[in-house]
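These are the structures in question, set out in turn.
You will see chain A twice below: alongside chain B first, and alongside chain C after that.
And then the complex of A and B:
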């Protein structure tokens, strides 16, 4: 394995980490509007992710940073080509980030509601838009010979990218609901389990549509038929076992499997892409590969050394923070209730 | 008068921090990467002026709103004065996340 291949895999790993971890806190953010009946319950849900969400978000920044350093041409085409969608993702993440702090500091009910809605919308938009971004990216975007992408609204938005966006949002919501079932006590735990059980039926329909549209819109089944079919089969199997575990109240298993489903979606997209990083809809000759998009061997070698030294520490303190806050979260007695 | 001084000292770090950024960003003009490429050469050919205007307006607006909220919140804290009431102290002991009680609960 050469360094370009190694960094392509590492970037996939960073996105896997991001969707597994931030996936559930996006889901918890969405659930604050779906399964709660009082402010005390919303607070309870927010406290399940309070110590973790910002650490989880760093995985996205690291993935973007790794693309920048390892594959500068990919970074330039991706971030300029998806300028407006990424600006909206960033705005949503800014509002979400401050709403965690501001929702507790407002003295009026109206003020608290504003930031509660900020948390909900800030948790709903990014997974949807990132789903749209990735699906439209693997479908192919108008990239010319100079690696510039001139995309209009209809290049971003197609039936496939909408289904992809909804599927990623739904997977994050399910992962969040399974996290709530695992991490709380009381009514919200029951409601999260009940909603998760129902939503899996919707997910099956979404996955079937996503698989069919992947066949119609991308060349994945031609490029790597065996691998793609195998990963799709694993996604379906993981979802069925997760669904069964939700009904049987095996909370740790269902949480692990809804996370695995998200990871497998990333694996699916990256293995269909390899060795390309961006697909051109204009001409296959303009497809961008890891070899043509990467930085120098020296840069990649240095990055590899730094990553090998730093990564164990980052993983260790993230794992430690989950260990410290391992107790289930209860509802605080709210005087206003 | 004392109150005004507090107000100014709260604002000064923010102003200085921003001034530092302005110096690094504007002082590099006309280079984006010093001596390698100019701002003119670094413009993305496929990002439209409308798109740039949209991002500029939305970022400026959101930061103005957040700054306004921040000022209101800081003012509210500052009017409480430097003394903790006993009840807040007691609460702080109860919810201390590093306390043994928090872990054994």
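And then the complex of A and C:
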């Protein structure tokens, strides 16, 4: 494996980390409007992710930084090409991030409500828009010979990208609900489980549509038929077992599997893309590959050393932080907290 | 306004807004860590109360700093994609290291710190806030490494129209970084000190929790004096460095269109006519610019016309003049602000020693809220 391939994989790993971790805290943010009946219950849900959401978000930042360092052309085309969606994602993330702090510091009920809605919308928009971004990206965007993208509304928004956005949002919501079932005690735990059970039926429809549209809109099945079919099969199997585990109240299993489903979606998109980083809808000759978009061998080698040294520590202390806060969260703050 | 101007405005706006919170967070992290260390060592409850109270303000600032910081990382690609292509081989490196090395530490351990007060042994919990403080300092270091590369580039070659890194160690041994980073870091201490002093002064005016806010006030004086003196010292050296590496910026900061006389005089204030490229009037002090530039009573400074000619010979014909009015005044506001804050800190130390603090309501008003906004 050469360094370009390694970094393509590493960036996929960073997005996997992002969707697995921030996926459930997006889901918890959405659930604050869907399964709660009081402020105390909303607070309870927020407390399940309180210590973690910030560390989870860094996975997205690191993915962005890694694309910049390893594939500057990909970074430049992707970020300038998706300007408007990214602005909305950034604004949503800002509103969401500050709402964690502001919602409890408001004096009036109205003020608290405003930031509660901020948390909900800020948790709903990013997964949807990132889903739209990735699906439209693998479908192909108007990228010219100079690697510049001049896209119009219909390039971003197609049936495929909408279904992709909804699918990612739904997966995050399910992942969040399964996280709530695993991490709380009381009514919200029951309600999260019940909603998750229902939503899996919707997910099956969404996944079927997504698979069909991937066949129609992308060249994934032509490029690597075996791998793509295998990953799609795994996604379906993981969802079915997760669904079954939700009904059987095996909360750790269903949480792990909803996370795995999100990871597999990232794997699917990156496998179909490889060795391209951006697909041009104008001319296959303008497709951007990892080889033409990458930094120098010196920079890639350097960044490999940095990542290999630091990432294990990051994983170790993040896992440890989840371990020390493993106790289930109750509606009232108990004395130990 | 064209796209370029708008993009520059956007970059300035987002960066300035972000930077309201960054030095504050970096400085407050250090301040809260010291408070909690005092609690750990002296075992007095008041230090714990201080760490918790100022810690809340730190967390607010931290969160806003984090979320507005994501824009910073994205907008290089969003607005400055050609620049990113040209320099990504180098520029992406410190940004990625910043995320991997610093962001993960600070954002993971801040969660452990906020939610871990009753969960961990005191020493372990203390280590969390220090890790947050170290993480935020490291992130400042690496983003300034990226900026210092732009200020004083090195360790690269141009290949096929792109800048290619060939010496990684230059990025963190860049001599400019070792002026810019301490300048920012001591400035952060000063900023945090002023916030604590300002809010404490307001509370003292209201006679609320006098013992607590007096203690906080005295604590903040140390930050203001140490940060203020060192930021001025480093800033002075950093500005002298500009004379060698960025003569145009230096001349613009002084609004020097023509070469200065020898000895050079410093314009304290001046009217600047950018259209006709001259000062319309100025209030200047003889010797001062020579003294500040060369630590000597003689020596002339090249004006922008001379530097522009040098640039034209080196880089081809063009207009290399920066926005002089902005640079002249922002430099003066910065230095005057730092001097004013340092003076306020010194008066505060005097009053506090003489136990006259609460009687001098004018002083508490002066130290109140506005002080926080002056320092950057």
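As a working rule, the second predicted complex is superposed on the first by the 332 of 337 C-alpha atoms of A that agree within 3 Å, B and C clash if a C-alpha of one lies under 4 Å from a C-alpha of the other, contacts with A are read in each partner's own complex, and residues count from 1 in each chain.
Quick note on the criterion: contacts are C-beta pairs under 8 Å (C-beta built on N, C-alpha and C of every residue); 3 or more make two chains touch, one makes a residue touch a chain.
Note that this is a predicted model, so its numbers are computed, not measured.
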| item | value |
| --- | --- |
| Superposed partners chain B and chain C on chain A - clash or fit | clash |
| First, second, both or neither for A:80, with chain B first and chain C second | both |
| First (chain B), second (chain C), both or neither touched by A:98 | both |
| Which of chain B and chain C A:61 touches, first, second, both or neither | second |
| Chain B versus chain C as contact partner of A:291, first or second or both or neither | neither |
| Partner chain(s) touched by A:204 [first = chain B, second = chain C, both, neither] | neither |
| Superposition-derived comparison: chain B or chain C, residues of chain A touched | C |
| First, second, both or neither for A:150, with chain B first and chain C second | first |
| Contact residues of chain A, present in both the chain B and the chain C interface | 76, 80, 83, 87, 94, 98, 105, 148 |
| Contact footprint of chain B on chain A as seen in their complex | 76, 80-81, 83-84, 87, 91, 94-95, 98, 102, 105, 107, 146, 148-151, 327 |
| Contacting residues of chain C [partner chain A, same complex] | 59-60, 63-64, 66-68, 70-71, 73-74, 76-79, 81-82, 84-85, 87-93, 95-101, 103-105, 107-112, 114-116, 118-120, 159, 164-166, 168 |
| Residue ranges of chain B in contact with chain A within the complex | 44-47, 51, 54-55, 58-59, 62, 66, 69, 73, 76, 103, 105 |
| Parts of chain A lying in touch with chain C, wherever the complex brings them together | 50-52, 54-55, 57-58, 60-62, 64-70, 72-73, 75-80, 83, 86-87, 90, 93-94, 96-98, 100-101, 105, 147-148, 295-296, 298-299, 302-303, 306-307, 310-311, 314, 317-318, 321, 324-325, 336-337 |
